[in-house]
Structure formats: structure tokens, C-alpha cells
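Let me begin by presenting the structure, written as C-alpha cells, before commenting on it.
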Amino acid sequence: MTKYYRVLIDCKDEKGLVYKISKAFYDFGLNVENNREFVDAQNGKFFMRSEVSGKFDPLALEAELHLVLPARANIRLIEPKPKRIVLMATKESHCLGDILIRHEANELEAEIIGVISNYETLRNLVEKFEIPYVHVSHEGLQRAEHEERILTELEKFGHIDYIVLAKYMRILTPEFVAHFDERIINIHHSFLPAFIGANPYKQAYDRGVKIIGATAHFVNNNLDEGPIIAQDIIPINHTMDWKAMRNAGRDVEKVVLAKALKLALEDKIFVYANKTVIFD
Amino acid sequence: MTKYYRVLIDCKDEKGLVYKISKAFYDFGLNVENNREFVDAQNGKFFMRSEVSGKFDPLALEAELHLVLPARANIRLIEPKPKRIVLMATKESHCLGDILIRHEANELEAEIIGVISNYETLRNLVEKFEIPYVHVSHEGLQRAEHEERILTELEKFGHIDYIVLAKYMRILTPEFVAHFDERIINIHHSFLPAFIGANPYKQAYDRGVKIIGATAHFVNNNLDEGPIIAQDIIPINHTMDWKAMRNAGRDVEKVVLAKALKLALEDKIFVYANKTVIFD
Amino acid sequence: MTKYYRVLIDCKDEKGLVYKISKAFYDFGLNVENNREFVDAQNGKFFMRSEVSGKFDPLALEAELHLVLPARANIRLIEPKPKRIVLMATKESHCLGDILIRHEANELEAEIIGVISNYETLRNLVEKFEIPYVHVSHEGLQRAEHEERILTELEKFGHIDYIVLAKYMRILTPEFVAHFDERIINIHHSFLPAFIGANPYKQAYDRGVKIIGATAHFVNNNLDEGPIIAQDIIPINHTMDWKAMRNAGRDVEKVVLAKALKLALEDKIFVYANKTVIFD
Amino acid sequence: MTKYYRVLIDCKDEKGLVYKISKAFYDFGLNVENNREFVDAQNGKFFMRSEVSGKFDPLALEAELHLVLPARANIRLIEPKPKRIVLMATKESHCLGDILIRHEANELEAEIIGVISNYETLRNLVEKFEIPYVHVSHEGLQRAEHEERILTELEKFGHIDYIVLAKYMRILTPEFVAHFDERIINIHHSFLPAFIGANPYKQAYDRGVKIIGATAHFVNNNLDEGPIIAQDIIPINHTMDWKAMRNAGRDVEKVVLAKALKLALEDKIFVYANKTVIFD
């Protein structure tokens, strides 16, 4: 039976890598439907993403690739199927709602297995879509304790591919993040690294900028400093106070988050040196 | 004889300002060809820019406006004519060349009365356009001494409306800037406030952003912190090292600087609270 | 009691209009919170939109304005309140879903009083939000007959301010459109006037363009030729077939339609000479 | 001695092409510094562009590639060196000036060997840069006769890689174009296919669009219908008459034309089915 796989490879760069990889594909009789490579010459790193199909044994292909590629090559053969994602949100509905609508329209290669929020505000919206909504209030709790409860809820969901912070307005500790390395996607409401931290629209207003933006990034130990996946901006002007900026910014936030999420779901992102290589 | 004037007013906001101003225009028999107002409700400030024409005495109009407007109103009646500008540059030609070409095509309401540079590099280009090129080397000089020499050269030019830093890569001291309050326009090669300081493209590369930009701003005492006039961005990707970003960024830099310069030349900018109100 | 009104005026241009209008506002003791004017000098037309507040009699103000303005001035005093809108759609959910989510989040100054579709496809989505969904199939019907049935359903809704065609994929006859002059907003999936007519993404693919876009416009007698309210684009490339373009285009479509809808709901659009004057 | 080459291949798609090509590169001991492929699955076409270096015999490599690739494969080995270009213009200087400045700054992989114009207007600008300016007036001439004279002048320049129409405002006949197949680059001042033909800004104004743009394309037999290389847009609004649009559009025109020219000079464009495949 014909199998479809995405093959993601990153390793030390050396001469002949494309030849060796494409030879393996050829020897296995594969159709290569899409091929993207990138060499970071400065750091001597090679990245490749291929979409292949054929009647073949994926494990044998993986073994063959390990044989011909440099030691410690990172090789992933991924069968396209809906990834299991959990959304986290606080009170704002624009990003969450946008993902729910895309999910409903089968735009996303994902199954939303649940939504976790520190408020009840969004329950009504989420439950319209028959998706479990778990309220984990942070009130009266230490941060560690709150996160512990969230982790307990997350565990109940079983396997999770990605956690999407769809305007989840609390800071996650390095301890929490460590459980989901390169698997938490956040939307920050500024074009990072401008306006790191709280209320970027207020900061933008105070500074008098003429553009505002949004940044989707993986979350790592340092707040707002994880690898950037996608960014976009909109022009603004002096007539807009920070609330008008925030309202205008919502359209950018939701489009940027959705773009980043799609890239992740379609296995188009490599993370390297706190940056991303994206084959979009 | 019909006169054309730009009337720029900013003052404390109060009820009836538009009525009082438009009454004055009406009483003086003026045609109002363009009218823009903005009230910063939060700070109780009123801004208005009108283009008027008619057979009238500008001084009498100014006096009348002072009579009807709140005390300490800032009223400027400006007759449109080419402003006298000096360009300062270092070694890169893209912004300078772009302004020279626009000047040559009469796109700018300006007369370029000279170019000052700390290198000889751009002399050949500038002199093609029969514009005086003054080389003021900084080598072996203290910053204050260097700026003193520049000031001496600037004085020789006579009246100067604006100084345009077209990729002038040296920091100006508050003492220098104080001579030209809100009259020095700089192009910074990042979307401020991201990547303040040296080599923003290197910083952008290191941070792994997906957009780069440029910011034109008035220069004040604090480097890169003056009022922003115009900003724009371009998308970038992982294949670009910082030199590729710098090259791509040049097109944004020159367009943003030209845009800001035109706004200044056409008296469309109010500066207030370290921000700009722009009637474009 | 303090009243808030939007005052929209368009009339033949003549000297002193701003003075006369602002005098009326002043005489009525109004606060003018926002003021936008535009003179189309070529056609001798004047447009003004003001947001005023105060303790006043709107009918008296309207009468006063008619007294001081040129004959046949079009004067509208509009009290801000949610407008009653009906959405029409066919099978695609992205625009419809986006409006539903915005509505749910109180982003829109509108009440969605119903959705009409020629298919059952979107019923499930719409009814999640407790909004009436009316299926008016076109199968086996003449166009006139189908529209007659839609009109009957629309009448049942009572007063309707705007009809929003959120990817309603059937052509409306001039007879239908005549019932809702300048009150039907459509989203066309190209940057008009490029790719008028059926399947613009297919046309765009065949032509090999490097940008695709979307256009929100009022519907008039001629398909795709009504006054344009808003447009935007996204870059595309050779790797995208027309289905990929269509998918990418959805994000532009929904943002452009929402933008146009908000402008209409906030009474920021004048229609004139098959164009729009927009005070955004 | 190490040689640097760009290898451009397009041929019928079949299994194993990347393998065969990369094997040839490997067998010749080449470093592959950059690799881009694209398969047009619908049309069964394969495109690849590689940047290779090494001590090798280009003719032998070309022969080897012909051996392993499908019959009638189009294989080009191009040594990077400045291409010889001729600019043609009429009266407007913004595109021409922009290219002259870029040329002066060594931004372009090109040598401008001359400028041809049907007016004298731009002579002064061009000669500043010590570039030959040839005036070929069209006055009193039949189109064929005028083009004959231009051809005569072009022949005097010797080998020409590209002709760049930098706002050359006359239509070229198919007979003229046939001499320079896929070697004439034009800038059209609209986002094609909108506003084909004369005065697109006037057309845009009349239609009331909210964006205007520019399109760089190869010239073929049908005016404005050649393969599109690059496009971009800027937002506009109701305050702009067509002259204001034209002025604003100039910045887009020059940036888009420069972008297209760079892609051509760096051999990054394949033309196919009246479209372009671009490896930027």
C-alpha cells in the first residue's frame, strides 16, 4: 500500500548530502513530491524536508539514512495525520475563536482535544464546539501550584503534540516549559523583540510607533525570547490610543498565530540556535 | 494677489476651536483647500492643519487667530516654498542617492544646499549633481571637536530648515542636536524600538526575526529615541544572513526616509510628547 | 441627558461650510469629539463626518444645518446603536465564522438577526451561536423565483440595515439589489478589477500573478462593479496551485470583509460616483 | 582553479532527477552551495537551480547532465559575471535614476552599456554617470521605422543580455520583441491584470480602488501580458486624485522593477507557460 511520509533531516553539513539522501529515496523507489534544503554555511548545518510516497518500509529507510548520513543526524519520518493539540487561553476570544472556526472547517491538520483556561469566560464559546473546557483558576495559588494543576489536567488528555497559547496571559515557569520542549506555541502581541513584557500596546502607544505587530514563537525558558516562527504588522497612526491599537492588533495576532500553528502541524519548522528554519 | 498658506495650529483643547478658526478663515474670505484636525482627548491637546488661499494679510490673520484661540496657542503660517536642507552621510549611497534623484526630478519641495560627510567616499556621486560636498573627517578628533567643525561648515550654508542624516553613522551629542531642535531627521535601520544601537541587522539575524524594518525619526538627546515619523518593514527568512538582510533593508530605508522627509517638507508633522501627529 | 450622535453631511462644496457647520455645533453647545472632512475639488463635492455629544435636540440641529447648508444637502444624524444585519452564505465558513466570532466577542456594532443560505452546510455552525438559519435552496428554481423566496424570508426579519454576503456564491439580479441600495456588502476573492467573475483564484493561477487579494464592495447592478470599500492582498509564488491560493486567500477575505463591515456599522462610509469616501 | 557556476535545469519530470543531478555534482567533486527545486506536478515539469563550486570542467559536467537527464532537458551552466544591459526610457526619471544609483553602488550584477530614449529629457541625468545616451526620436516616424532605428543603435552596443524598459512609454511590436525573447523586462504601473493599457492610475482613480501597484514582467507579443516576475502594491485612499496616485506609485514601480532586474541578473527566473518560477 502506498505510504506518504514527511522526512525531516538536520545534521552537520558535508559534501554530497543531497546526493546521499536522494539516492536512498531513489533506491527505495520513492516519489519525491516536494524537497526543500537549506545549508547554514556559517554554522555548518544542513536541513532538509521532503515529502515522499511509495510502497516502502519506513524503518528500513530510516536505517538506510542513518547509514549514509553523518553521525548524530537528526532524522524524522512523520506520517501526516491530525496532531493532538491543547489550547490555553485567558479571557480574550479572538485567537481561540479563530482556531475553533478553522478547526471546524477542517483547515487544520489537528484535533483540538481540549481547552484550558484560568477563567470561566470562554467556556460558553468553546463548548459550542463540543470541545472539553477545563477551568484551572490561579486564584489563591502559588504559580508552581497552579501549573501543577494544569499539568495534571494535561496528563488526562493523553498524548499532546502541541500546546497553543491563544492569548494565555500568564507567564509559564521554566519548569513547566521543560515538559514541552519546542511544543508550546505562543502569540505575543508585538513584533518582538520590541515591547517585551506586559501590555505591549500600551508601550507602543507611549513610544509613538507607526506600526504594531504580532509574533508567534516557541516558548522557552526566557519569556518572549523563544524561537520566532512568524511575525506580521499593521500600520497605525496618531489617532489610535492603546485600546484602538489593541483592537486593531487582534486581526494580526490571530492570523500570525494561525500561520505558525499550520507550519507546526505540517512539520515545516526546524528549531536551531534559538531560531527557526521554515520551509513554507 | 492670491496667496497660498499652510496654517498649523496646536493648542490646549477647548470647545469651539474649529468654529473659531474656520470663522477667522471665512471672515478673511479664504478658500480652505484642505483641513485636518486631531484632538488628543487624553492630554487635552488640539492640532489643526489647513491649506488656505485668498487675497489676505497673513499677519492680520495670525493676529486674529491669536485673539480667538487659547493663550499660548502655537500658530504657524507657512508659505509653501522649497526648504533648505543639508544631507549628512558616511559611506553608503542608497539613501543619499535616492534623495539626489528625487531632488533632480523635482519630487521634493527642497533645495539641497550641501552634503557633509566624514569620508570622501560619496563625493563623486554628489558632485555629479553639482551639489557642494564637504568632507569633515573625524579621524584624530574628539567628538566635540569634530562636531564643532561640522557646525562651522553648516553655518557657512546660511539658513537651514532640515538636516537629513542619510545613513550618517556617527552618534551626535546632545550639544550638537540642541542647535537643530526637531530639525534633524534620521533613518535608523530597524523598526524601533527593536534593535536600538549598533548593527541592527546583526542583532536581527541573531534574534531570528522574520521581519526587518526601518524607522525615520527626529533626533533628540537620546540616541534612537526621538519622535518617530515613519516606519516600514519587509519580510525576511532563514536563508538570509545579516548582510543579505542589510542589502534587502536598503530599499525600505530609502523609501521610509524619503517619506518622512516629504512629510517634513510639506509641513505635515506636529511633534508632541516625543511623538508625532501626522496629517498625510 | 447627554446624547451622542454621528453627523454625516455631503453636499455641493462652497466657501465656509466648515465654518457654518461648526458654528451650528457651537451654538448648540456640542462637544465635537471627532471631525473629518473631504472636498472633492474636481467634482465640487463636500463630505464631513463628526462625532458630537451634548444635551440638545437632534431635530432642531438637523433643521439648523439644513438652513445654513446648500440646498439638497444630504444630512444624517445617526445615534450609535447596534445595526441589524443579515448574513448570506453558501458553503464556505471562513468569512461567516469570522463574523460570528467577532459578534460573539462584541467586536461589532451589530446584531446578527439571521443567516440565509442556499445550502444546509453551515446550519450547524450558525446554530451553535443561537442565530436563526434559513435554508433557501435554489434547486429547481428560476433565479427570480429563488430571490423572491429570499426576499420573503428577509421581510420576516423586519428592519435590516445591512446584508453581508459572506461568500454567497450566487449572482444577485438588479431587481433584488434595488431593494437594498448601498446596503449589501460583498466580499470578492480578488483585488478588483482584476479577475472579475467566476473562480478568480483559478484566473490568478493561470495568469501567474505574484499577489492575490480580496475586495469588499457594495453590490450594485453590475456584478463586481460596485463601490469598493476595502482591499488587501497577500504575496504568492509559483509553488501554489489555485487551491493553495484559495486557501491562502481566505485569511485576506475574512479580514477585508470584517474591515468593510466595521466601517459600515460605524457610519464611516460615503458612497459617491460609484466610489467610497472613507473616514477610518 | 576553483570555478563558480549556476546550474539551471528544466525538463520533463520523472523519478530520481534530484538523485541523478546531485550524483553528477558529487562525482565531479562539487560543493553545492544552494539548491532549489520545484516540480509542477500538474504539468509534469521539473525545475532546479544550483550554485556549485569546484575544480571541474563545465563542459564535461554539462555533457554528463545531458546523459542522465531526460531528452530535451534544458541545461544552462552560467558563470556569474556582470550582465550587459541597456535601459530604455521616455521622460520619467524615477526608475531610471534608481537603477543608475544602484549601478553606481555596485548593487547590480550588471554593466549598463547604454540608455536609449525617444526624448532628450533624461540625457543630462544619464550622462552624469558617464553612460552613453542615445536619443532616437519617434517623431514623424512609422512605428516600424522607429524600431528599426532603435535596433540599429542596439546592435552597435554589441552583446546585450537584457533590455530594461524603465518607463519606456511606447508599445513595442511583436517584430521588435522577437529579437529579445524573454530578455526585455518592463515595469507596468498597475498590479496586472488590472488596468491593462494606457494611464492605469487614471483607470484606478476612476474605479475607486483602495490599492494601487506595479508589475514587472517580461515583454512578449501581447502588451501587458508577458510572464510576471514581481508585483507589489501600496494602499491609497479617496483623498488622492490620479496624479497623487501616480506620484505615490513611483516608489512601488522602482522597487518592483529593481527586484525583477536583480532576479534576472542573478539567473533566478525560469519562464514557463507564460509564467515564472522564481527561486529568490
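As written, the chains take the letters A, B, C and D, and residue 1 is the first residue of each chain.
To be clear about the criterion, a residue touches a chain if its C-beta (ideal position, glycine included) is under 8 Å from a C-beta of that chain, and two chains touch if they have at least 3 such contacts.
A quick map from chain label to UniProt name: A, B, C, D = Formyltetrahydrofolate deformylase.
Keep in mind the model is a prediction, meaning the values are calculated, not measured.
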Most distant chain from chain A by Cα centroid: B
Between the pairs A-C and A-B, the one where more C-beta pairs touch: A-B
Distance between the centres, which are taken as Cα means, of chain C and chain A, whole angstrom: 35
Interchain centroid distance [CA atoms averaged], chain A/chain B, Å: 41
Overlap residues in chain B, where contacts from two or more other chains coincide: none
Complex contacts: residues of chain A adjacent to chain C: 92-94, 97-98, 100-102, 104-105, 107, 125, 128-129, 247, 250-251, 255, 258
Chain B contact footprint on chain C (complex, rising order): 15-16, 18-19, 22-23, 25-26, 29, 31-35, 37, 39, 41
Residue ranges of chain D in contact with chain C within the complex: 38, 40, 42, 191-195, 207-211, 213, 227-233, 237-239, 241, 273-278
